[in-house]
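Note that the chains are named A, B and C in the order they appear, and that numbering of residues resets to 1 at the start of each chain.
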């Protein structure tokens, strides 16, 4: 059995295989639903209804999609340069920490100053957090997968320590949570009374900016070249290590913005369960979008819809909500296989 | 072209003779026993490319056949089919009268076919014994029989005159020693047919002689040999019969004793090809000087030790040598990838301060790398993106951090037109281009800024005849424009045809340079083997 | 000094060996995969699967060793998934590994919730009991630690010996090591690289799953979420630290476990002065440190993470 490269595929083919991947995912998920004693059709319908069947559902999906767009972008940028950033979870939390440190009254500034300052500080924290593993990769040859993964655990413990210590909310009845950020540090809601906040707009804007950077700037070109073939890039004079550093800074910063948005726009304070795995889901979001920044918006909404819809479905149909995680993980694997078949043909010789 | 008058200067031929067994009829010098190998109508396609087209031939017992042809003629593909790495689309292979199941290296090995691959199939982290024993004992055996294997290896080593140390880790062996291990590997499995794929590409002339002596011994023991090569003189020296492949077809079959270099060259190429005329030239000013330069020692690779080199404009300096003697280090140095650990690099009179690919490029050094796939191009990026890879920061292609794709595409189209590159569009992924077209693109990219120094590292490796000629012509044109060219090539004939001055590299040291025609091939061979190297 | 006296007590080393056992299984499993040339990032998820599968088998009425077998089979299945995508299809080992971890973990949690919907606290099983080896277990300090452990711990040590034997003294091990160094060497000798790599990944994954099962069937007696807690990633660091050699990796695992056991006791000493999270961070930080220390000299299997295409030269 061997793989034979196909000439550049048509747009139809490029879409056909991912659709096949989604269908395969639905089939596999149906088996699990059947095992749970429920009807796949009713379950999928309930998921759909929970995700987009009403204005409330749709807004909830978009709210959930906001941090996923940021982590998806973070992962997409990094993976494009073959920098395996599995630490978006830690970078997200660090963004949340900075938000709370600066936004709970330390800086008595008006909104239009405070929010940008917090954003920049959060991005800087996330950037530096990923810079460590990046430097270890370029100068010490240490695989960044393991270092970023281990950092996730370290940072989460660090946050736990802060929440039980210096950042503890004095009026929180002893729960490990931080104080609420002041009104000037909060991202306003888009619609009064609903949960969707301006972080969503920021996420879309970020996606567009990332797309422009990747396609039209020198840095984007360098990142893509380094990701495809670092040896050839170095030969041509592209400063590979410096490009990887810049990639790490951008990627870490974007993931930290996810944390900032969740604290400032949605929750208002920092708790240990700020993120139900957005950092890891960001990997799936990025791969489903084939590392394309605009695609990330679509796949983030898709993945968010699955989680939101599954939560709602689980309450009425009794199928464990973890079915969403299974669906998302399965779609990652089927997608990756589908992408392969858009570029290669299988030969049985 | 190859096989021209210059090859008269190569090592004198080693004649191999076969003594027929008593009582057997002899035809054409061979015992009339059934053929040990018969290939019938072997055809293999890779997409639209026909690599082998209905090839048929027999191999008699004790015979040495040379499979001759240019790069891309289909020789290695054919042998890979024979050995079972590939499955043919049509045709069959019979070994010792029995049909060989296709695509099964194990079956080929069991049938007595052994192959010494061009790129050695050895695991560096294991010993010689382990490499040879790999796959020879039952995979589910509870214990590896080291003692028995060692005994057998030592016995065969002695019997065939292939000295190896079974306990030596392969990673520490020289190229010649590795080849001996590869041959022993095949003999250990009782190979009766031995296929050697370009075995002399990495050997010094002396090691080549040793190899031919070994082959003579093996033939005397009844082995039959298929010898792949593109070097005419070796083919003439070693084989009983020559099969010439051209563009996947069997272009001709000759008994070696009845043919000559010229006829074979014509068959290989399909026409009489004369070497390009090399007009005389006046060497110009010094463009690049390396002064007592050393490079860092990395692992087992050869590094440079206080070498000095001068390149003059309007002149082609050829670097001859067996691969693995420091060419890679020198190329990396001039390309800017390696910075010197001592000594200085002087470009047109001024010493370079920081040395990197970018400083080399701005100093006017054009680089044609050895490996166009791994280093020269970024396979998954478009032709346009590849073409600006060395100059994307110049105002022509980018401004204020943003790339000017329009100008880049125009540049790509210009190169495609000027250098006759066949590609679907400037946006096509560059890995879709053939080797020759890719090399033309690299050439165009390198020569466009009218460089003062050109590093051409194995510029014609793996190219078909047409592309080779094209590259040579372009290099000569650059030479006429006054560029200083360093030509690094494992192909001694190419060096001899093109170079105005020749330097030999051996074990990280450079010889003094000699003018065209000043040294004989034998003298060059001596230098390549490391004898008589005075520091330049 | 009291803090160091701990190192001389028997109970400390008993705890250390117990903590090391799941690490030993999983590290051997990953070592086998990487020696064959495949980085298996599914380790964290596969350990989760093993933990649940083994425990659930016993919970449903099976005996302990059947539980271990079921765990191993479950691990091998996920290993097969990983291997199918990375070996013949040559997909990115990084992405597939993360995908397998996510899938294995989520499938486990889903199944757990499905089969045990109403539980508030994790149900318990009767785990492996320590089995003292008479005579040897009376040796001071190390006797209890090495010879009064559960049978699964003994199996862990046997696994190390077996892995070392197979890798270095059998023809199969030779093929595995060659596949991770230069797959064309394997193919040229008539052995299928695909078969060797897939087999290695499946076998390695089975071991990883047994490592997970140790946690629910020997160290503790119930399954709870997040129980693997990054041990899988630590084992990846341990493989590098052990230079891909079973004996050295075993030492690394024991050293690491000793450190982990020690930090628990350190916590007790420092009372409430130092936040307990600092101590919990140490294993992860230590793993990163270990990676940095050996990175320069790391002799990676040359063909690690390089997909092999048959016949391509």
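Note that a contact is a pair of C-beta atoms (placed from the backbone, for glycine too) under 8 Å apart; a residue touches a chain by one contact, two chains touch by 3 or more.
As the structure is a prediction and not an experimental result, all values here were calculated from the model.
Peer 1: Taking each chain's centre as the mean of its CA atoms, which one is farthest from the centre of subunit A?
Peer 2: The chain farthest from subunit A, judged by C-alpha centres, is B.
Peer 1: Give the chain pair that accounts for the most C-beta pairs in contact.
Peer 2: Chain pair with the maximum contact count: A-C.
Peer 1: Can you check how far apart subunit B and subunit C are, centre to centre, with Cα atoms defining each centre and the answer in Å?
Peer 2: 45
Peer 1: Averaging only over C-alpha atoms, locate the centres of subunit A and subunit B and give their separation in whole Å.
Peer 2: 48
Peer 1: Just how far, in Å, is the C-alpha centre of subunit C from the one of subunit A?
Peer 2: Centres of subunit A and subunit C (C-alpha means) sit 29 Å apart.
Peer 1: Using the touch rule from the top of the page, what residues of subunit B touch 2 or more other chains?
Peer 2: 86 - these are the residues of subunit B that touch more than one other chain.
Peer 1: Touching at least two other chains at once: which residues of subunit C meet that condition?
Peer 2: Residues 310-311 of subunit C each touch two or more of the other chains.
Peer 1: Could you please specify the touching residues of subunit B with respect to subunit C in the complex?
Peer 2: 76, 80, 84-86, 104-110, 115, 117-119, 121-126, 130-131, 133-144, 185
Peer 1: Could you pull out which subunit A residues touch subunit B in their complex?
Peer 2: So the residues of subunit A touching subunit B come out as 4-5, 7-8, 216-219, 221, 224-225, 228-229, 231-238, 349.
Peer 1: Within the complex, which stretch of subunit A touches subunit C?
Peer 2: Answer in residue numbers: 1-3, 32, 35-36, 84, 86, 136, 140-143, 145-147, 149-154, 157-158, 160-161, 164-165, 280, 283-284, 287, 318-320, 322-323, 325-326, 328-330, 332-333, 336-337, 340.
Peer 1: Under the definition above, what is the set of subunit C residues touching subunit B in their complex?
Peer 2: Touch list, subunit C to subunit B: 169-175, 177-178, 181-182, 184-191, 299, 301-302, 310-311, 313.
Peer 1: Please name which positions on subunit B make contact with subunit A in the complex.
Peer 2: Of all residues in subunit B, those touching subunit A are 46-47, 86-87, 103, 335-337, 356-358, 361, 367, 369, 374-381, 385, 389-390, 392-393, 398, 401-403, 405, 424, 428-429, 431-432.
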